[in-house]
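As structure tokens, here come the structures.
Next come two complexes built around chain A: one with chain B, the other with chain C.
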Partner chain A sequence: MSGSRWQEPVITAVASAAILVVCFAPLAALAVDAASAASTANVSLWRLTQLFASTVVTAGAVTLVALGIGIPLGVLLARTDLPGRRAALILHAFPLFVPPFLLALGWFHLARADGALGSVLAAAALFGRAGLIAVLGLALTPAATALTMLGVDGIDPALEEAARTVARPAVVVRRILLPLARPALALAGLVVFALAFSEIGVPMFLRVRTYPAAVLARLGGIAYAPGEAFLLVLPLLGLALVLAIIERRFGGLRTLSALGVRTDRPRWPLGRWRWPVAIACWLVVAAGVAPFAAVAAEALASDRLGEAVTPAIPSVWNSLRVAAITATVVTAGGLVLARALVNRGRASRAVDALAALAFITPAAALGTGVTIVWNRPTTGFIYTAPMILVVGLAGRYAVLGIRPLAAVLSRTPPHIDDAARAAGASYLRRLGRIVVPMHRRAIVASWMLVAVFALRDLETVILFYPAGEEPLMVRIFTLEANGPPAVIATLALLQVGLTALTLAAGVALLGRRR
Partner chain B sequence: MVVLLALLAAHGCRQRAGHEVVVYTSVDQVFAEPVFRAFEERSGIHVRAVFDTEETKSTGVVNRLIAEAGQPQADAFWSGDPVRPFLLIQRGLVVPYPSPEAAAIPAAFKAADGMWTGTAARARVLLVNRDRVAAGTEPRSIRDLADPRWKGRAAIANPLFGTTTMHVAALFASWGDADATAFLRALKANGVRIASSNGEVKRLVVAGEVSFGVTDTDDAHEAVAGGAHVEVVYPDADGAGTLVMPTSVVVLKGGPNPATAHALVDYLLSADAERRMAENGAHMPLRRDVPVPDGVRRVGDVRAMAVDYARVAAAMEAIQPALREWSGL
Partner chain C sequence: MTAALELANLSVRRGAAAVLADVDLSLAPGEIVALLGPSGAGKSTIVRVALGLMAPTTGTVAIDGRLASSGSRVLVPPEERGMGVVFQDLALWPHLTVRDNLAFALHGRRLGREETAARISSLLDDLGIAALDRRYPGALSGGERQRVAIARALVGDPTAILLDEPLANLDLVLKTELLGVFQRVLRRGRTSTLYVTHDPREAAVLADRVAVLETGRITHLGSPTAIARDPRTPFARAIASELVSTLSATDGRAHE
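And now, the complex of A and B:
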């Protein structure tokens, strides 16, 4: 036993050091450059402030749209006898795992003059701030729906049943469910706001000026000055810190405490409202999947499928293997750090906060920092290989491997681990024989979540992807400039298919191991 | 854990293939990629490419090249215009390569010492919506953008990015600072729409949201080929001339594959590459031995604006603060 005491501190330290390297080092390197660029910075503070404010307002509006639709829908799907709720949930959730840029592309095909919803008014509305709010609002609503469902499912059924004996369902929802689910709802608001604020692909496609898009554009300016770009990023880091503090205050791990819980509670009958409510819910679901239908129609109507797919095969393979390796690395490291976090190590909390900061920080800053840190003679063999994509993506999405697993591990009775330790089991043995088998469904779910986010990533990797190793999303985005619409639509459909296959494989795996 | 480490090892390290070339390009991927594939088939050399995004077109990869200067990763840069390479030349990041294929390129479109060489070109043209502009009344000059007759009815891409930066810099180099600055102010006063790209200008004109706009010949040709009711006007044909922008090729200092870089540059300057660019991307051939497809003009048939691309490059850097102020960043 004494010979294996080193395992836990050493392995935890290695995982923590990895987080420091992939999450903190790029931001720190950029900060060093910022210090040298501060004296030469040439930015219009007033205009930047205006742009920052307008982006905050836009992200706020997106959050309102997502919460306004997602909270009622989440309650209905979690608690009522809505017809087809399982299918509705699956279809409604899917757009969250697809790059919002592809949804914007689909809405463009719907709204253009010869599209299904085509009219000059529709096209004009899409290419503007209102269109941006609508597209992003619908794209991110599933996050609000899912977190509302998790929050509602985490409530003690006894409270709910007691309330129902004396009050109507609407009152129970207003007075009991929503107040008790407030941490999850607050997290939903924060997640949607953060994702909406840092989104780059949709505003660039819809020609709306936003602050993060301006930062990326600044990196494309004529005088290369990553430090100056970092100065522009500083307000975003401030915003990210505020969001992180609010998230801690409202719940932290408790927010996700319902993750993985299976509930078999009785459903509330909607009575005569059942079908009108069902139609409204299914309209929301339809609005989420309609862009996919438009993209599919555009792709399938073309005779250029081969022309689009054949050259993209290396990108498909590259996307898949990078996503798989990133998910494996992040999940393995996340498991180690999640255990440390649950055991309330102070250093682990700091590492967790760093990972959260890297997730919220605009990807353009992280991407530029990756180039500064890794393009050196000693690390060139990584920088010029697909491995650099894994490094960048692991930095961005490390938090997705830590938080969900920590939430699950926090519910494990500590005496199991204590007993195994007392029996002489080493740290690695306890991980392999107790933790992994007990929580394999959560581990698979976490792996799947990271893989899907790595697949959908555009904004992190676009600044440093190795020559000839472009992921599929980058290929779609760079071809979008002047590529034939049918080819772009075909590639978009391919990206949607990859995501669907990944999710289906994960769900099948979860079902088999249940 | 063992499987994980094996995965990382297999995935992580790039073995130098030896028979490959790394090229960064701001030429549209849809046009450049077939040319690279043709080169691969002819030479057996594998091309690894990095392409620009539309928003950062023409400067994004230049910035990446500058960022990577300490540890160069690219062998060659194929620029969508002839000016951006000077940003690299001024920083000492380019080595001369007088390609034998350059002999067929007119002297105005190459450096005598082989620092850069032009190839398939585009021009800056006016794309006019025929439903909104009657025949005989169409704009004929770049200065028409500031003409009150077209108030609120014209569009140009953001001059911070893409070929529009070069165009504005060429105006500064040609007209002088005072005249060009006044012109930019007049554009704002005249309600000219600022689009995010030349492709967006095309979309605005084709959709009839504006009467005309300034864009590149390849975008204009795409609108015509797509059946849009538009006309392409080569501006200032009876005055200062139209700005012609050859794509241009440079060999980068310290690149990992200098020999294959020369082979790629030779091919990009060849008649075959120019023919492909003309057929696929409506680029104007510089060489006389390349046939011109319908709807594409020869460079020799256009009254070209007399420009010193080195001066334009210098102007482009000098006007950055003013352009950022003008465009709001």
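And now, the complex of A and C:
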């Protein structure tokens, strides 16, 4: 048995080193280069500060919209007998897995003069900061809903039942459930804010100037000036650190502690409010999926489906391949690090914090860092190949492989592993014969989550995708400026279909029982 | 006299399986009834149905003569039943102080601030935990938490109080001490009590009557002495000697 003692420390060290390379190296390199570029760049600090502040305010407003809708909806879906709850949840959650840019595209088709909601007012409202806040708010509301549900489901049912014996449901929600679910709600706010701040596609499409778009313009757009881009990224690093501190304070594993728990507690009857509340909830759900219907209508009305799809096949293949490899690498590494995290390894906590930092760092900053680290003669073979997409995406989404798995593993009684260890099983054997079979559903779910986020990513990969190897989302975004609307709508529909298929495959696998 | 709590012909089914079958049980005002049964007998289901947290499949629940559940319908929601409860894991709200835990239980009673404060202080004083009122549950010992839980259940002056295995998993010394506390506060307040347990010694110490629940049916109902004298099932025979020895040790308290 002593011959296998090396397994756990070595494998954990390799996984940790990989996280350091994909998450920490870009941020560290960026900090160093940005500091030196600051002295040479020629930018207007006042205008930059204004742009930064307006982007923070916009992201804050998006967060308020998402929490304002997502928290009540999450409580209703988690705890009440709302009609069609399951279908509502599935339809409501779907937009989160699709790039918000496609939702903006759908809203454009709905709001334009001949669209279903077409009016001058609707179109004018869409192209502006209010439209940006509404579109992103609706797109990111499912994150708030889902995290609220997790938070509420993670509460000990007895705490809720004890409160139900003395207070009305509304009071129980306000005084007991929401305060106890505060870590989840705080994380929801943080995730929505980070995603809203990072977003590039929607503000550029709706012609709203934002800070990350300014970085992108200086790295690859008409205002090419990499020195300035590095300088612009400095405040983003500061913002990321602030968000990371908030995440440590409120979030962590506690938020996801309900994962893997069966929540078959009885639901609160809504009584006479059942149908009015159901109508309100379904209106929110409909607002989330209506843009897809508009995109589908636009695409299917065209007779150029083949013309649109054929040239995009390499991009589809590239998206799928990169998403699958990223998800596999991240889930495998995530499993190893999640185990270390559950076993309270100090180093693994630091690695987990780095992964969280990379996720909440605005994508423009992380993407710029990836360029600095890998765009060198010695690493050019990676930078110019699709492998760079895997490296960048693994850095951004590593936390999605670690946290959910750690939450599930933390619910396994330690004696299960101890018994296998006492029976002489090595680390790899325990991993392969005990941990993976026991938690295969969580592993599939984690893989699916990373794959779908890799498929939807635009804001990270747009900064460093290799020539001729662009993923489908990048192709759609670059076509948007001057491509035929029907072709763009068809490709958008293709992207939505890929996401739906990936999710359906995952759900089918998750639904299988022994 | 109207029963504080009355369960009549109560049945609960989960799929094809019967969790409870034709349970009849009533609690007279001021009476302490122990619901004694092995794990999985359906004891906690009775508590949940009595509280209105779940609906029975058939049968009725009446509280103070008022129909609260009938058939598969919960007619009176849990917060309007005026019941106190202590769950096995106590379910103290961790984000509220001891005082706030009790104050929340008085929510909806429309008491003035001073009356609320006075009622809480008096109860905490009575249970010997007045000095802990600003502490959070996480900063309390096991025994202190038990006292807070019983105080929270009593503070609303409930029609009946349900204690769902509150002393399970405690060591013998603490269990004995807390049984004394329960006995004192429940007897003095003449609170109708349904005390759920799997420990015959707790039932013998506390209860006026014992209901033995086995696989969802009440097989015995009577004083601890009567059940000890005439056990008709293997489970009842197994607990009879414990009942007798505890009754002897407590000087055969007047249960009959």
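Just so it is clear, the second predicted complex is superposed on the first by the 497 of 514 C-alpha atoms of A that agree within 3 Å, B and C clash if a C-alpha of one lies under 4 Å from a C-alpha of the other, contacts with A are read in each partner's own complex, and residues count from 1 in each chain.
Operating definition for what follows: a residue touches a chain if its C-beta (ideal position, glycine included) is under 8 Å from a C-beta of that chain, and two chains touch if they have at least 3 such contacts.
It should be emphasised that the depicted structure is a prediction, and the values quoted were computed from it without experimental measurement.
With both complexes superposed, B is the one of chain B and chain C in contact with more chain A residues. When the two structures are aligned on the shared chain, A:168 is found in touch with chain C, with no touch to chain B. In the superposition on chain A, A:467 makes contact with chain B only, while chain C stays out of contact range.
Residue contacts after overlaying the shared chain place A:386 against chain B, while chain C stays out of touching range. Within the superposed three-chain model, A:321 lies in touch with chain B and out of touch with chain C [touch as defined at top].
Look at A:477: by the touch rule set out above, it reaches chain B but stays clear of chain C. Within the superposed three-chain model, A:377 lies in touch with chain B and out of touch with chain C [touch as defined at top]. Of the two partner chains placed by superposition, only chain B is touched by A:213; chain C is not. On chain A, the patch touched by chain B and the patch touched by chain C do not overlap at any residue.
Residues of chain B touching chain A in their complex: 1, 4, 7-8, 11-14, 22-24, 28-31, 33, 37, 46-57, 59-60, 62-64, 66-68, 70-71, 73-74, 87, 160-161, 165, 195-197, 199-200, 207, 209, 218-219, 222, 316-317, 320-321, 324-325, 328-329. Contact residues of chain C toward chain A in the complex are 48, 51, 53-54, 74, 77-79, 81, 83-85, 87-91, 93-95, 104-108, 152, 156.
By the touch criterion stated above, chain A contacts chain B in their complex at residues 42-44, 47-48, 51, 113, 120, 123-124, 204, 207, 209, 213-214, 216-224, 226, 311, 321, 325, 328-329, 332, 368, 371-372, 375-377, 380-387, 390, 462-470, 475, 477-484, 487. Of all residues in chain A, those touching chain C in their complex are 156, 158-159, 161-168, 171, 175-176, 179-180, 182, 266, 269.
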